Structure formats: structure tokens, C-alpha cells
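In the two assemblies presented below, chain A is common to both, partnered first by chain B and then by chain C.
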Partner chain A sequence: MNRPLDNTIPARELRPPADWEERAIAAVEQRLGENLLKVLSGPDMITLVISPARIVEVSETLESIDEETGFRILLDVTAVDYLAWPESHPERFAVVWHFLDRHRGRRIRVRAWVAEGQSVPTLTGRHHSANWAEREVFDMMGISFEGHPNLVRILMPDDYEGHPQRKDFPIEGPERAKHRQGELQGNKRMTSWKELHDL
Partner chain B sequence: MGVISRLTDNVLVGKINDLVSWGRKYSLWPSPFATACCGIEYMSTMASRYDLARFGAERQAFSPRQADLLIVIGTICLKTKPVILKVWEQMPEPKWCISMGACASSGGMFDVYSVVQGVDDFIPVDVFIPGCPPRPEMVLHALVMLQELIQGKEGVGHESRAWIRRQVQAAVNEELRERRLEELTRLRNPEAGE
Partner chain C sequence: MTRRSEREEHRLDEASRWYWESVPPELDLYEESAQEDRIVVNIGPYHPAMHGVLHNIATLEGEVIVETEPHIGYLHRSFEKLGEVYSWQQFLNCTDRMNYVSAPMNNVGWLLAVEHMLGIEAPKRAQYVRTIIVEMSRIMDHLISMGILGVDMGAFTGFLWYYAEREKAYQIIEKQTGARLTTTFGRIGGLERDVPLDFVEDVRAWVKGFPQVFKDFDDVLSRNRIFIDRTLNVSPIDAETALSYGFTGPNLRAAGVDYDVRKATPYMCYPEFEFEIPTGETGDVYSRYTVRLLEMIESLKIIDQAVENIPEGPWRIEDPAISLPDKKDVYTRMESLINHFKLTMHGVPVPPGEYYHSTEAANGELGFYIVSDGGVGPYRVHVRRPCFYYYSAIDRLLIGGSISDAIACVSSLNVIAGELDC
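Here is the complex of A and B:
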């Protein structure tokens, strides 16, 4: 788990150094080598595109990027489904992690391309906040996280079928209703009033 | 002076069902299951300006075991469904249900994967109230319609799901009884090991 936050750092240290982005990229590149696939610059923060299997190492590197501070807070884990654009994206899903350095007020984004059925190492061993966020990604997108202590649905009912934020999930109509009635796998559930009252 | 001639002035003859229904319809104990903004309209309906108590539904029962009218108010998510079903099952018979607002009646604008598309999926609803949210007058109207339904007037509102349920149940019972009777009265052949 994380090192405890050091609250003794004086306020004048709060500004990040001017070349922190280059230093962060260099540190990650030194650790990952070819598994740092690409670096994208954005209007808000830079994005490191990595191989999904190396996310734990990236988290470790970012945490100890400076002598006394680093990206110690995992803000969010989420995922994007690029089903409709297979030609312009290497894989179907992108898993995205956001890290925050509370002491110096800087953020960084890490992205990994994941194919359908491929699993990603969990960050629950390093960040408590990864627990529910990864469960949400699993619930909505169906991406599984290897080593997660309790990878079950967090928002939808346990017996729900399918992953509703996927782009091929039926938006409306009876096809969508099948997912919640459990008709896809043939599960028998006590859902309708008829079944209840005809007993 | 005969007994009959004296009775005609003092005795009212009627069906006991009419009397019981008359008692029931003016003493409904509604249990509001409010989950969304329609609940605010319902509070207004209960309060002094519109005053649901004028129609006999004076006592709001916040415990399902002391209620006979479930009013489902607001958006019902998939995860709320078992809760609402449990509340409904705890209510003693006879019981009725009003679905208040577009969300409770049909899912409303929440035509998404996580919302129940109408509580009549799993509860027999007697009166639906449209609107987003409905005005308090519509709730009062629904209550009056329900009272007429309880009194047994035909052609009130939509066709009652509860009534259909009872008809279906009666048919099923009839068939089960016949099957059981046939099984009991069938002659058995001891040589075949029956």
C-alpha cells in the first residue's frame, strides 16, 4: 500500500518544477522500455499510453517520481469502448487511469488498449481507491482485473446479464429487457407478479 | 298491525358487500413509496391546501403492514424492485396500488438499462396517474377513481390488473381442482403395479 502522505513539506515546494513532464516520461520510459507505447499531450495533462500488463510498475514509478513527493493518489479508473472505430484504434477498449500529485498540484493520465476478454492487473494492492473504480469498469464494460479481491458488480444487480455501457448493448426495447430478466442465460428469476401470485 | 309493515319504515335492505366496500373506500390507508420528485407533489397533496384526508385517506401508513393502498411515486430502479416487491407482499389483503407519475407508470424519460419500465411489470396496478409530475388534483382524481373501483362500479379508469389477476387465479384453481379430482377418481390397475 502507499507510503503515508508527508504533510511536513513546506508550502514553497508546492509548485511543480518546469520540466516535470519530461522527467516523468523519462522515468517511466526507463522502467518500461518499449512498453511505453506513446506519449500524447493534451490541453489538461499528458497521457502515457502503455501496455496494460505494466500498469503496476507505472504506478510505482509515478509514486516515487521525486525525492519526497509523487503521484500518490489514484483519482479514477475508467474505460472507453471504441467499437465503432476499429481502423483508427489498436484495440476495442481503452482503460484509463488518472493520477494526482497532491503536494505539487499536477495530474497525469495513463491509458492502455485492451482487447475483448483481455484482463488487466489490478491496482488494489497499491491504491484503496482502485477497488470500487475497477468494480465499476468491470460492471459497465466487462473488463476483468486480475488479482482484484472482490470483482463483482457494484451498480447493477448481481444477476444482471451483460455490461450496459458497451456500445453493442441494446439501447432500448425487448432486447434490452432480456438482459435484466435473465432470459439470455435461461436463469429463472422471481420477477413477474404472475409467478408470485400463481404459486 | 303486522310486523312487515312496521319493518319497512325502519329497515334498509342491501348487500353486505356494498356495505363493506363503502367502509373500505372511505378509510384507505395509503403507504407512499416515494423515490423521486413526484414525492414532493404527493406531500403537497397530503398537506392542508389539497388535503387527501377529505377523501378518507387520512392516515399515511409508513409501515406496509398497516396499509392497504400502495402509492408508488417516482423512478424505480432495478435495485429498488425487490424492495418494493417486499413492501407489497407485506401488505395485508385487500390491497390496491396507484402508480403515480410517468416514471413509475412507464419508466418515463428514463428509458435506460437501469430503470424499471413501469411498476406493473411486477405489481398489479389499479390506477395509473400520468404527468411529470402530476398535479395534486390528479392524485385526488385517482383516489376517487380507486374508490369507485372498490365500490365495484364498471368501466372505471383502465381495466384493473388486480381484477385480471383474480380471474386468472380462479381459472387456474379450477383447472387444478379438476386435475386433482381426475387423479383421485381414476381407477387403478393393480396388475400394472399402480
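Here is the complex of A and C:
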């Protein structure tokens, strides 16, 4: 599945080279070409925005980014529903992957915009950790992962309807939300910072 | 020991002979025909050794688990959804209920994520107090997980000794936060209140008394023949597989990988302290046990260094947009009253953006991924729970072992259902 592990490298002695971010971006750009849509630099780590269909290649590229080490660990897979986002955005969902290079203590974020009903290739062929994480995303957001061996619900009951983490899913559940009258169906904050500020 | 008489031996032989003769010699118990004899056993969800509400549907061949299907979600409260309607400060209460064995570690993880998003840093004194409480919680977490590992195997004594020690730590934390289990420790930008006057004294006394209990527990369990038989080479996992499953924390270190967030990407004031990262070799139950034991000693070292060097000074940021004013000022000064009202009603303005921050919790890398739209609360929170990834490997770990091995394995992974389901 992965390259053989080199356990002889102690974690603390390697520090990332100063230009590792540029090199990572260049390597991914060389592999993906136009499919690397954007690079965002945040205060915590850089974010590569890619086309969702190319995530497996990105994972491969990031793993062999240096000679000795690379982003070998898939830390986390999650998704964000941008339905209630105040500004315009390309698609409704964003799937977010976090990769870790444990030797050099660096992390990188990969993000892909996904429309409703669109599926994303699975990373289960490369990382065992993708298995349950992708199931959770499917359960909570309803984004399906192509090629996943067992894409069923994980936290909610098997016969549950709807995907609770979506923004149009009412916070108290669909049954109770029916009794709520004259209010916005969906996820509404108790107070809004901006509204209160305008008062 | 009494020796059976010859006559008795003969009778036993006679009694069992009919059975062995009735088994046809050509029957191979491991052939496919034996699959019909497989038994499906539900381990959990309400089983005392399943630590909350874990559920395994195990298929047995004889006593060997050949297949297992983990089911989770029995404690799912959807804190990630709740976070979307809560404010930044309110979500702190949700983090208490994730890993409830060491709640302050979750609290500090969340606070650091929000503080980094705000671009602020808590004062030195607050950081030292946080470090002390967090490392105490790490010890408390390891105390209970290792104590319970013994309990699940029938060794109750060590657990009680450890629990008495845990109780003392509880009292120190209760003095500081006012709660024992759901601590809601700290506030954005520092602490809720300064430490009590006898905090340093209490911690010193606790640090002084701990090694004796540690030694007692070590004596009673670490070289216990029965314990070693039950744990050594039971459900091992090699480093590469563990990494692929997303293992972090003590369970990864037991497999020989010295990854620790405190060293790899240091946060708070960990670079100022000297401590080691203990690692195991085989990743079996026994090495998970030993790694946790050694980690307690390292945490004790950190507490010792922190409590001796705890600086004086402010314990929260003096910024009215972030910290609540003193209660006595709220009752006497108009500005403070307004400030209190504004902060409580409007919350802390966190700039829009996304942020991932991870800390080394007792179980491994606890990460908070936050998306903010500039509102009173997070637009989206996702918690990277270490337990979630441990438990995803459970089918691989349990297969080939017996049910008693399964109990030891689940115990040693220290899967907390509140964190697993979140």
C-alpha cells in the first residue's frame, strides 16, 4: 500500500526546508496541471484547491514529496456545506483532506468543491484511515465516495433519512421542526453577530 | 494440590472416551464445512468491558474470532451540528463531553484553536496553569485506562489504588474549575479565574505522592505472570499499518513511532520543558500498557518543571473584546457591565477563515477544524478524534484472537465512546 517505512529517522531531527511549501505546490502543479485550481495560504497551513477527481494523484504526489519523507498520513477527511455561506462560492460542498508528515511535523490541507450528487474518488486504496472518515462524511453530508468498499452509514442508524450535518437539516430534527411555525426551516443561529451589531 | 487417584483418572478417561470416539476422524474443524458451526456473538453495546457503548458483532469459530463488525454511534450527540448554533465560548461545554475521562485536554485543544484563529496568545501564567492541568489530566486518563485494563482481566486492586490517586487530582481540578468531570476549564484568552492560593502546594503534594502509587501498581501488574500471558503479543499492530489507520498518540508510539504533537509541532509552552517520548516495539497490548505507564512519568516531569517555574502576572488577556471583566467590576462599574453584556450576548468576533489546530490529547492527536464566517459562533466545526481512527482498526486487531483477547484489546486502545461518536 505505502512505501516501506523508515523508522530509523528520529522525528525531531528533521526540520522542513524553508521552501517546502513552494516545492509541494510545484510538484502538485506538475502532476495536475490545470486541475490545481488555487493555492490558499492560511495562518495554519497552505490549502491546495483541486478538482475532486484528482485527489488520489494528489495523495500520491504528496507522499513522495521529498526524498526521505512525505505526507504519508491521512489525518482527517471532512466536508463543509456552504449553503448558508454569506458570500458566493463555486459549489455547495467542499471536501477537505488533511495530510501529515510526521517526520517534519508539517501538515497540508487539500480541498475540493463538490456539487450535490457528485461523487469523489475514495482514498481507501491508499490509506486505511480513509475508510471510516469517508463513511462519516457520507453519513453526515451525503457525499458519496466512488470505489469505497463499504459506504454505509456509520454514526446514524441505517434506516435514517437525511444527512444531519447539511445546513438545510433542522437542528432539532425534521420531526420536531414541523411544529416550529413561521420560522426559517434550517439551521439558524440564536443570535447573529451582524444583526445585533446593526441594532 | 491433591493428586487424583488412579481410579479417578480412569473414570475420567472412560467418561470422555465416548465423546472422542463419536467425532469422525475425517472431520477437519477448519474446513469450510465447519463454517456452518460458526457462532455469532454480540459483544456490547451494553457490556461492562465495552467501555460505554461499543458494539461488536463477532463471528466465532470455536473460541477464535474470525470476523467482526464494529457498530458505533450509540453515543452520537452531534456536537459538530450543535457547534453551528453555539457561540465560540458555548462550544467549550461540548468539548467537556467528548473525552470525559480527561475533559481539560479537550477544553484546551478547543481554546487554542480559537485563540490561534483570533491571533492571540494567552499570558504565560495561564499557559503554565493549562500545562499543569492538562498533564494532570493525561495522567488521570492513563490511570483510568490502565486501571480498567486490569479490571477487565480480573485485577481489581491496582485500579482502586489508581482511583484513589485520581480522586486527589480531581480535587485539585475541582478547586480550580468548580467541576470534577465536565470541567469547562479555561476561557478564550486565558483562564476563568486565577488559581487558588494553595494550588502550587496541592500540585506539589500530589506530584510527591504519585511515584509510590505508581510503583505499587507497577509491582502488582507489570510483572504479573497472568497479566503478561493475557497481554503480551495480543492484538499487535505494526508501525506501518498503524500509521495507515491514522493512529496517533500512545497506541502509535507503542508500535515504535515516536510521533508526538508536543514535540513535532510544539504548542503552548512545551518547548520550555524537558521530557522524553517513550516508545514501544510491537504495538501489542503490553506495549500499549508500558508506553502509557512511562508517559505518566514524563507528564509528572513536566508538571514538576511547570509548577516550580509558574510565573506571576495576568492570567487572561486584558482585552475587553475577548475577556470578561471581573465580577466585582460588573456590579459596580457601568463600563464593565456593558462589556459583560456585549461579550455575553454578542460573543467574541472571530475573523472569517478556516483553521486546523491539533493538540496531543491523552489518546493522540485531537484536532479541531473550524470554518468561521465571522459570526458569533463557528460556521462549521469538525473534530478529529483519535479514538475514531483507533476503533476503525478494531476488526483487524480482533481477528485471530479469542474473546478474552478482544476484551484486553479494546481496553488497551482506551477508546472513549463519547469521543468516538462525538
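Following the convention adopted for this analysis, the second predicted complex is superposed on the first by the 164 of 199 C-alpha atoms of A that agree within 3 Å, B and C clash if a C-alpha of one lies under 4 Å from a C-alpha of the other, contacts with A are read in each partner's own complex, and residues count from 1 in each chain.
One rule holds in what follows: a contact is a pair of C-beta atoms (placed from the backbone, for glycine too) under 8 Å apart; a residue touches a chain by one contact, two chains touch by 3 or more.
Keep in mind the model is a prediction, meaning the values are calculated, not measured.
In the superposition on chain A, contact is made by A:Trp85 with chain C only, not with chain B.
Using the contact criterion defined above for the overlaid structures, shared-chain residue A:Leu155 touches chain B and also reaches chain C. Contacts of A:Pro164 after superposition on the shared chain: both chain B and chain C are touched. Once the two complexes are laid over each other on the shared chain, residue contacts for A:Glu34 go to neither chain B nor chain C. In the superposition on chain A, contact of A:Arg176 is made with chain B only, not with chain C. Comparing chain C and chain B on the residues of chain A they touch gives the larger count to C.
By the touch criterion stated above, A:Ser129 is placed in contact with chain C alone, chain B being left untouched. Shared contact residues of chain A, touching chain B in one structure and chain C in the other: 155-157, 164, 169, 191-194, 196-197.
Against chain A, the residues of chain C that register as touching in their complex are 72-73, 76, 78, 80-82, 84-85, 116-117, 119, 239-241, 243-246, 256-260, 263-265, 345-347, 349, 353-358, 365, 367, 369, 371, 373-377, 379-380, 382, 384, 388-389, 391-393, 421.
Note for the complex: chain B touches chain A at residues 78-79, 81, 85, 89, 111, 113-114, 117, 121-124, 165, 168-169, 172. Per the touch definition, chain A reaches chain C in the complex via residues 1-2, 4-5, 7, 10-12, 42-45, 47, 72-76, 78, 80-81, 84-86, 96, 98, 102, 105-107, 109, 127-129, 131-133, 136, 140, 153-157, 164-165, 167, 169, 171, 187-194, 196-197. Chain contact summary for the complex, chain A toward chain B: residues 155-157, 160, 164, 169, 172, 176-177, 179-180, 191-194, 196-198.
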